[in-house]
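Shared between the two complexes below is chain A, which has chain B as its partner in the first and chain C in the second.
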Partner chain A sequence: MKTVTTATTATAARKIKKASLSGTLARAAALSIVAALVILPLLATFLGGFKTVGELRTSPFSIPAVWHGDFYARILGDGAFWRFLGNSLVISLASVCLTLFCASMAAYVFAQIRFFGSKYLQSYLLLGMMFPFATAIVPLFLQVRDFGLLDNALGVILPQTAFSMAFAIVLFRSFFRQLPKELFEAAHVDGCGYIGFFFRFTLPLSTPILATVGTFAFVQSWNNYLLPLIILNDRARYTWPLGIMQFRGEFLVEWNMILAFVSLTIAPALIFFVITQKYIVAGLTRGSVKG
Partner chain B sequence: MYDDGKLTTIFLFLPPALVLFTIFVIWPILNATNFSFYKWSGYGELTNFVGMQNFQRLANHSIFHQSIWNSVKLVLVSLLIQIPLALTMALLIYKKTSVNTAFRLIFFAPYILAEVATGLIWSFIFDGDYGVTAQITQALGIDPIYILADKNYAFLTIITVIIWKYFGYHMMIFIAALQAVPHDLLEAAEIDGASPWRIVWYVKIPLIAHAIKLSAFFAIVGALQVFDIIIPLTNGGPSNSTHSIVSYLYYFGLVQLNVGYGSAVGVVLFLLCIVTAFSYKRFAIDKGGEL
Partner chain C sequence: MAALEYINIKKCFGPVTVLPDISLTIPHGSFTVFVGPSGCGKSTLLRLTAGLEDVTAGVLKIDGEDVTDKQASARGIAMVFQSYALYPHMTLADNIGFALKMAGLPKAEIRRKVESAAEVLQLTPLLARKPGELSGGQRQRVAIGRAIVREPKVFLFDEPLSNLDAALRTQMRVELAQLHKRLGATMIYVTHDQVEAMTLADRIVVLNKGVIEQTGTPMELYTRPQTLFVAGFIGSPKMNLFSGKVAAAAGAHTFGVRPEHIDVSENGGEWRGEVRFVERLGSDTFLHVEVPEIGLIIVRMDGTSTYSGGSTIGLTPRAGFTHRFNEQGAAI
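What follows is the complex of A and B.
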């Protein structure tokens, strides 16, 4: 292959050009088809909330003939909808704060201080990344019950935080290790101890990783279904995934109401995603590809 | 002794994470192991020791076999359809252009939607009276087909939704890996006259093999813990044919408060996860990774 003559390079170049035109078309076609398959169900959901049940039956995927805003309005006017969202928000924000707080401190110790047992403790915590929390839901349920935390937001927040701890610590630890060592030495000479350094230098320098871990913990908690399902029984305490399932049970065939409800819950998620995608992708790739 | 608060930091910063993790992750899993040898309703003393009976019942339960088989199907579909699709998309759009970024966002968006909302959207799409099949059957003038309630096809819907929701996630892992491939290697291959196909097959794919293995690992772990998507789509039915291991655990262990039996399922799931994690470490781990 290394002894190419000018003639063959010329034909090769022509070949590549030809291939690249049909290649571009094929590429555009493939991307558009896949993109359409991703978007259409979401679009149908959003539009479906504006249609009557009759219209949904005959043309589920078209633009509504008449835009009926009342199904969306009915849900937005329903106190239960806002309560579900509020409950989810409280639980998610609390989980995020608790995760950031506990995980960043633990990761700081592992990254900054060498001590006997550090390795064992890290392996111990990493065990948490190996299995889903579903493995232990039965004992977990009993435990939360024995703590008297059933039907209590804390009964969701604490296990939620505990299960996202391992991943958060791994992300924090690798970030903290990359911070320049000279910084600590300089602060150390100026009489700054470990605790002071954490609050005055490490944390302020770590906003990207705090945002990444926070976003991840938030999405996980916001979308969680199984844990609230086993812990929360009282309708007044439902998070939105529980609420939406109950709503589905009530409005069995009124798909327009259900689709409107779904749209109203995924719309903030999609907006949130567009704003935070940088951090989500960073967490994903840092946590996976680099370890 | 002068230690700038090293010890204080360790004793102040580690316990929150360790305590939460131990109480809500490790302790329930140890309990599950213990409970799995008893027949217990979760109330009163733990006295009815039954040895391996729970595991024997599990090994003989056809619905459990089905749930394992369903997980195997999900893994196979992931490896044979989802990952190739994700890889193709990643190869098409990994270069940093604004059009590519837009496609990347679209493909990744389903990943951040809540599983429950996703399941509801697709249960509309697959509804025999409203969705895609309704359109087809109406056009053909035949009776509606309810695929979600059809034993032969119900699981196919779950497979479809899982590909739809997660291929973007795998794609992101591949994109990150592809962007890290050194440019000079690709240029060298081009100068040597290698065709684009050959570059993909002999240069790019081997160079991101670690990411593909990691992706496969995530697909397996994901298949083992599917739950949220199944509930709104088929709820394990028709006639318990579409259970995953976790939904099986939920219905046959937790809902009926068979603590011992549910714990036994949890232990089996735990072992499957451990085996997956260790075989991944053994056969596939990227030396630089620290997962």
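What follows is the complex of A and C.
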């Protein structure tokens, strides 16, 4: 009798193991498909930079038959590439800094201070989120031209900041609201005012949301094509998405060069993400209030 | 001179009046406890004192100086919060020294003061840590340290022990009492726990629905409650309160006697009833006795009592230990 029981238990255990194994496999398969959807285009782009235009036509996804490193070398050796990258970097970093600075201050006011018209203003900002960038492009162009900022990095930075503000403020405000109220009260009793609290408490305790919003704003600005296209006419001020155009000939588009170019321009955005990633961790206020 | 004077303080939140009219003086060096059920306005009164809320009407004086419209940091008070409210991104030393830094004291002096406060609270080895790495009791001590270091005129405590477990609470209670003795400072302490109120206070202020029911020493409140509310609130288990015939016989609307002031006898007794339920705590035994026409009476006996459920016993309230209240609930 005893042996029978043991045997049944063993079968049951095996069944459970089998079920969990098939579950794991299904999970792994699903995750692999999702990962492939992201990685394969990136990989094709990266490998495409090593192929000739002819090979790219015939077998776009294969491993290159001959590894032509000279396309990458030509781009890296070209001063224009570094200039595009530099321009993009200046514009993106300035947009990120300006967005974080202005949006966090505005959100702090909304989160901390109750004043007449606060709700109205917040709804107004939310409305801004529904406004597609492309529809505003003509008035935006006219406005930037009137300010005399055409062919100027500021002509790109300021509108970009303005358009990312709404989203950033909404994210910041909900995060700032979660900071325990007692923290402000304790600081208030200790002699710290609103502005001091913002710099000494709100900002240091909000690194996760600062990193998140920063990454969003950076990627958005880094990949922006439309705005630089209408604002910047001087080749020396081009950002990288505009710079790609130089590989478009009259009869032939040099796709291999474009792919190599794109592969190289993804790198800074990736580096920015890796830097901010470690700050995107929750639970920083642990130990302040209760357990 | 009084450390604190509340003169006709009124506080409304929108249409809701939380404190209709509070007048109270708190003497220098006293340990005053505001006690009452939740929602009675005790925390609001403390927050008004701290300057975290504005008073609707009335005057608040600290050390004779009108501070009604002064900023919290300019009032010379320090507050310990229920949730500690430590600064999570700062070390303990920075937490304790923050107020001094805000006041613009030189670094060396801040360090000296922080170190001496840490020594008093046995936090010296932990000064470089952050609040997240501490236990509940240690965090509470840091919160107290943050108050001590400012050398305030008045300490304010808002239910500081309610997040701690029972054993730690007892220990911190003793530490707080010792701290008060050593510093000799004026302390105001808010709690809904009457054990904390009785053990810590040299003066208790009982609040109910925004009104001060009674002010006095713990024993005054226990032996001579001036209102029905205080009689029911102070003491555990609650005072037995009866209305009806028994009260009328004593010439009152409500008649009260504490469980520990009832003598039990096998035979005779003023009232006779059946023991319904026995609670044994070891040191004490509580008998729940059903007396016809009066109702349930709780009697405290010592732990060796052998009465059991079902037996009929006689109860006699001890002379001189009974309380009588009129229809408005005031003591006669």
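Simple rule for what comes next: the second predicted complex is superposed on the first by the 212 of 291 C-alpha atoms of A that agree within 3 Å, B and C clash if a C-alpha of one lies under 4 Å from a C-alpha of the other, contacts with A are read in each partner's own complex, and residues count from 1 in each chain.
Throughout what follows, a residue touches a chain if its C-beta (ideal position, glycine included) is under 8 Å from a C-beta of that chain, and two chains touch if they have at least 3 such contacts.
Everything numeric here is computed off the predicted structure, so don't read it as measured data.
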- Query: First (chain B), second (chain C), both or neither: which does A:F131 touch?
  - Reply: first
- Report for A:I275: first if it touches chain B alone, second if chain C alone, otherwise both or neither. neither
- chain B versus chain C as contact partner of A:A29, first or second or both or neither: neither
- Message: In the overlaid three-chain picture, which partner chain does A:H188 touch, first (chain B) or second (chain C), both, or neither?
- Response: both
- Message: Between chain B and chain C, whom does A:P204 touch in the aligned arrangement: first, second, both, or neither?
- Response: second
- Item | Greater residue coverage of chain A in the superposed arrangement, chain B or chain C | B
- If you stack the two complexes on chain A, which partner ends up touching A:P180: first (chain B), second (chain C), both, or neither? second
- Note: overlapping chain A surface for chain B and chain C spans 188, 284-285, 288-291
- Interfacial residue positions of chain A with respect to chain B in the complex: 1-2, 4, 9, 12, 16, 19, 23, 27, 30-31, 34-35, 37-39, 41-42, 44-45, 48, 56-58, 60-61, 98, 101-103, 105-106, 108-109, 113, 115, 121, 124-125, 127-143, 145, 158-159, 161-163, 165-166, 169-170, 174, 188, 193-195, 198, 219, 222-223, 225-226, 230, 241, 244-245, 248, 253, 255, 258-259, 262, 265-266, 269-270, 272-274, 277, 280-281, 284-285, 288-291
- Would you tell me which residues of chain C are touching chain A in their complex? 50-52, 72-73, 77-79, 81-89, 98-99, 102-103, 130-134, 136, 139, 146, 150, 163
- Note on the structure: In their shared complex, chain C is touched by residues of chain A numbered 180, 182-183, 185-192, 196, 201, 204-205, 284-291
- Note on the structure: chain B contacts chain A in the complex at 4-6, 8-10, 12-14, 16-18, 20-21, 23-29, 31-32, 35, 42, 85, 88-89, 92-93, 103, 105-110, 112-117, 120-122, 124-125, 127, 129-131, 134-135, 138, 164, 168-169, 172-173, 176-177, 180, 192-196, 210-211, 214, 218, 221, 224-225, 227-228, 231-232, 246, 249-250, 253-254, 259, 262-263, 266-267, 269-270, 273-274, 277, 286, 288-291
